[in-house]
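Below are two complexes that have subunit A in common, paired first with subunit B and then with subunit C.
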Partner chain A sequence: MYRVDYFAGVINTLVMIFVNIAIWKAIYEADDNLGGVQLKVVMTYIALAFLMQCIFVMEDYFIESKVTSGLISSDLLKPISFRAYVFSYNVGSSVFRVLMQLLPTLVISIFLFKLLPPFSTEMGILFFFSAVLGYLVLYCLNFIVWMSSFWFYYTFSLVTIKDALVMVLSGALIPLWFLPQWLFNFVKLTPFESIFFTPISIYLGQVPAADIKTAIIKQVAWIVVLALAGHLLWNAAKHKLVLQGG
Partner chain B sequence: MEHKKFSKLELLKLSLKYSKLNLKCTLEYKFDRFFTTLAVFVREMVSIAVMYLILTRVISIKGWQMNEMFFLYSFLFLSYCIFIFLFTGIRDFDNMVYTGELDRYLIRPLGLLYQVISARVDYCATIGHGAVGVILFLSTYNSVGIDWNFRNIVYYILALLGGVIIQTSLFMVSSCFSFWAVRTTNLRNLIFFNSRRFAGYPISFYPGIVQKMLIFAVPFAFVSYFPSEYFLHKPDLSVFWHGCLYLTPVVGIIMFTLVYIFWRLGLKSYSSSGNSMY
Partner chain C sequence: MSLIEVRDLTKDYRLNVKKRGLLGAVQSLLVPEYKLKRAVDNINFSIEKGEMVGFIGPNGAGKSTTVKMLTGILSPTSGSIMMGGLSPHKDRKKNASRIGAVFGQRTQLWWDLPVADTYDLLRYIYRIPEKKFEQNMEMFNDLLGIQEFMSQPVRQLSLGQRMRADIAAALLHDPEIVFFDEPTIGLDVVAKEKIREFIKKINAEKNTTMLFTTHDMLDIEKTCKRMIIIDQGTIIYNGTVEQIKERYGRSRTLVAEFAQKLDRIDLPAGVELIDQKDNKKYLKFNRDEIQVSGLIAELTSKYNILDLTVTEPEVEAIIREIYEGGIDFDKGISGDSKKSLSEQYCVPC
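Let's look at the complex of A and B:
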């Protein structure tokens, strides 16, 4: 049963990369230098975005199920911070995905889609660093949404709408440089850009060397802001918690 | 297994009663259901938004313009909406077997398929998907140059219904396997929703092997691509056999017949999952 889940994850990612690359190939048939970006760059962008997505999966209903079932009461009694527990749970499963899903998918896609290597070794290292920060930005954003389960009990709709926004605005499905200028300017003011777009642009060498520092500082700033908001929500939630039996 | 004691009218009345019950269940939590519907709508709009953003930039892909692509996409949403409205039970069939709910239906003096189909309606998914489909259709039906005469309207309805039956059959294939106690939800989602992703764009965008798969194996090409080509006549149609344009209902009926035979076969070898949760 779980083996099917595992293969489904690998095949899903490959199919998504394949579909999107086919569409971009069709787009580039008419114009082989769209907005000064080559097809190869876009293909690598798309592949990287989906590879990152297969690790950036988090347990969206973990806190909700703890709250609705009342199990959270026994978790709060344990001598470990509940937030640290949720965080390590998610990071742990992401590390598992790196080994079991990302590596096989990566190897297959390098052969299948002929990915470009990082712009330079330095950019490759910075990409890795920035991707970790992107993961943290997404985690902090998610944590805020998860916290809402203390007030709403069922968070399916909020989680789904959050996912939709992240998909469109963070550059997970479309390179943000293809967005209309006004929307791109707007996205730059949001944390979404920091999740997928910043690391991948660094990998591809699309960010001028001088601006990389700013981009990474921006990511860190978003982590701090979102984590702070999550912290405040958590404090409010602790007092709000009402358990039915447990 | 057949129970012919009930007249068509009585069965219809019973289905109406069932759908009334379902509606009551749904409206029990109005606030939550409203947001669930909204969430389904927003989730499905993601692919539309991406298509919109790409096409505002590049105007057309392989000669397909935005309104034509949206018209094609509307077939997928409208037929899925009708499918969910009528056959939610088939989508959830695996789960009915898994939880033992099916055993309840088996001891009742009514046809099994009838009960499975009429017992459930997922209104949130129906309206969520339906809204996307209706928006896409209304914003394009006038601008893609279709003369909505009697013949075209009849074709449109038949093609849409054909698309519904094709998707129903695809879901029923996977429910067949659950008779032999295999949990297939993951595999089904993989095959169904990935193929659906392909079918959102004209199949001429893809390499030959994917085109063949979408025609012969998981025939989503007949749900969206060929029906919209019937109206639009894009040059990329020339690669395919012209008769495909008219085959959607035929493919649907053939698939459904085969799947139904397979389904009856599966039912014969069904043994309960053990203990019923109900």
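Let's look at the complex of A and C:
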């Protein structure tokens, strides 16, 4: 079962990259210097975005299923922090995916899609750092959505809306510089930009060296704000929690 | 100060009131309406270290709700719980390492893991020293026979096996306080007895404080000296098991087997014929009004009697009568819930 999952994950990522790159190639055939960005750069952007997404997968219904089934009581009976437990569960499976899915997919993509190397070694390191921050931004955002299960029990619609927003606004599917200017300006005010767009732009050298610091501080600030909101929600949820069953 | 102090504890559940019909559904969505259901109503009690207390009451009385609040997984609506200086809900993590809980109706084990792996995980979570872990595993195996299903995943265990595994898991870290919520539910007589013996032994050897919820009065009679009876969220009795027998178990039944079938029988005043079968007659009387020896002497002088037995009512019968409202507690024994009963009654040692 795990083996099937594993191959499916690798192939899924490769197909997604392939299809999206094909679309962008078609667009570039009509206009070969879209917004002043070369096709090679867009191709690398798309490949990186999907490679990151294959690690940034989180269990959206982990908390919900514990709340609706009442099984959360077994976790709360133990002398462990529930939030730390959920976090390590997600990080654990992401680390597992780095080893099992990302590495093979990355190697294949380098040959298949002719990925550009990072703009410079320094940018490569900063990219890595910024990607970790991006992961945390997404985690904190997800945590807020997950916590809503304490109030609504079923979170399918909220999770779906969240997924759609992340897909479009975080730069997971479309490089944000292709968005209409007004929308781009709006996204800059939201945490979405910090998830995929900031790290990838740093990798591609699209963020001027002077602005990198601001971009990273912005990511950290979003983590703090979202984590704080999550913390308040958790405190409210503890009192709200009604354990189902005998 | 007792180890567990419960003061004015109350829990209200919020129930959604769903209206019928399409219009009603829309209305409920826009302006949700709630009804409060008071599951636990202003209860007070305390438990000393090393005590073993039975906690009984009819279905829906609020027992599980109380146990959930005591374990810190449910927050009280009002009132307070102090457990050796900690609040179970506010200091949940700290308190959790000192307590253990068994919920008979639901396992605390990991469904897909083999039993042995579950214990390894628990050892890690509770930071149980290697030596203590091995000692406890050996002891639990001797008393509960868990070795027999150690390599099976939890979902494959029979109810009795699962319960034994659950009990061992709850006690692995030598908790100071253990809550049992129906640990004998659905078990056969032998398995029940085994679990009672085990619980008694742990209580005696480790001086563990225990609260024991059950619907089987034999569990209580065999393990607990004190019991708390809760009904509709309020405590209606808090005292020794002996005391309740003493007070309300005054009737005796004399079963007399006569040499021949008698159509009618002369009975002294206060003795009531409650049943007859073949040559046997069941005679009920109050122990305070009629002396057994006198009654027997009178009967044997008048009739030819082959066999005689005297029985006292079981606790179960008394409890049944209490649940059905047949017994009115006098304030002397039941007390009102506003006064702390453990202060009124010396706690059995």
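Odds and ends about this structure:
Following the convention adopted for this analysis, the second predicted complex is superposed on the first by the 245 of 246 C-alpha atoms of A that agree within 3 Å, B and C clash if a C-alpha of one lies under 4 Å from a C-alpha of the other, contacts with A are read in each partner's own complex, and residues count from 1 in each chain.
Keep in mind that, in the parts below, a contact is a pair of C-beta atoms (placed from the backbone, for glycine too) under 8 Å apart; a residue touches a chain by one contact, two chains touch by 3 or more.
Just so it is clear, the structure is predicted and the values come from calculations on it, not from any experiment.
With the two structures aligned on subunit A, subunit B fits next to subunit C without clashing. If you stand at the C-alpha centre of subunit A, subunit B and subunit C are 90 degrees apart, rounded to the nearest 10.
When the two complexes are overlaid, the chain among subunit B and subunit C that reaches more residues of subunit A is B. Once the two complexes are overlaid on the shared chain, A:70 sits against subunit C while remaining clear of subunit B.
In the superposition on chain A, A:36 makes contact with neither subunit B nor subunit C. Once the two complexes are overlaid on the shared chain, A:164 sits against subunit B while remaining clear of subunit C.
In the superposed model, A:208 lies in contact with neither subunit B nor subunit C. After superposing the two complexes on their shared chain, the closest approach between C-alpha atoms of subunit B and subunit C is 7 Å. Of all residues in subunit B, those touching subunit A in their complex are 32, 35-36, 38-40, 42-43, 45-46, 49-50, 53-54, 56-58, 60-62, 183, 186-187, 189-190, 194, 197-198, 201, 205-207, 210.
Listed in rising order, the residues of subunit A touching subunit B in the complex are 1, 4-5, 8, 11-12, 15-16, 18-19, 22-23, 25-27, 29-31, 34-35, 154, 156-158, 160-161, 163-164, 167-168, 173-174, 178-180, 183. Chain contact summary for the complex, subunit A toward subunit C: residues 70, 73-74, 76-81, 238-239, 241-243, 245-246. Subunit C contributes residues 13-14, 64, 68, 71-75, 89, 92-94, 96-97, 99, 101, 103, 105-108, 125-126, 182 to its touches with subunit A in the complex.
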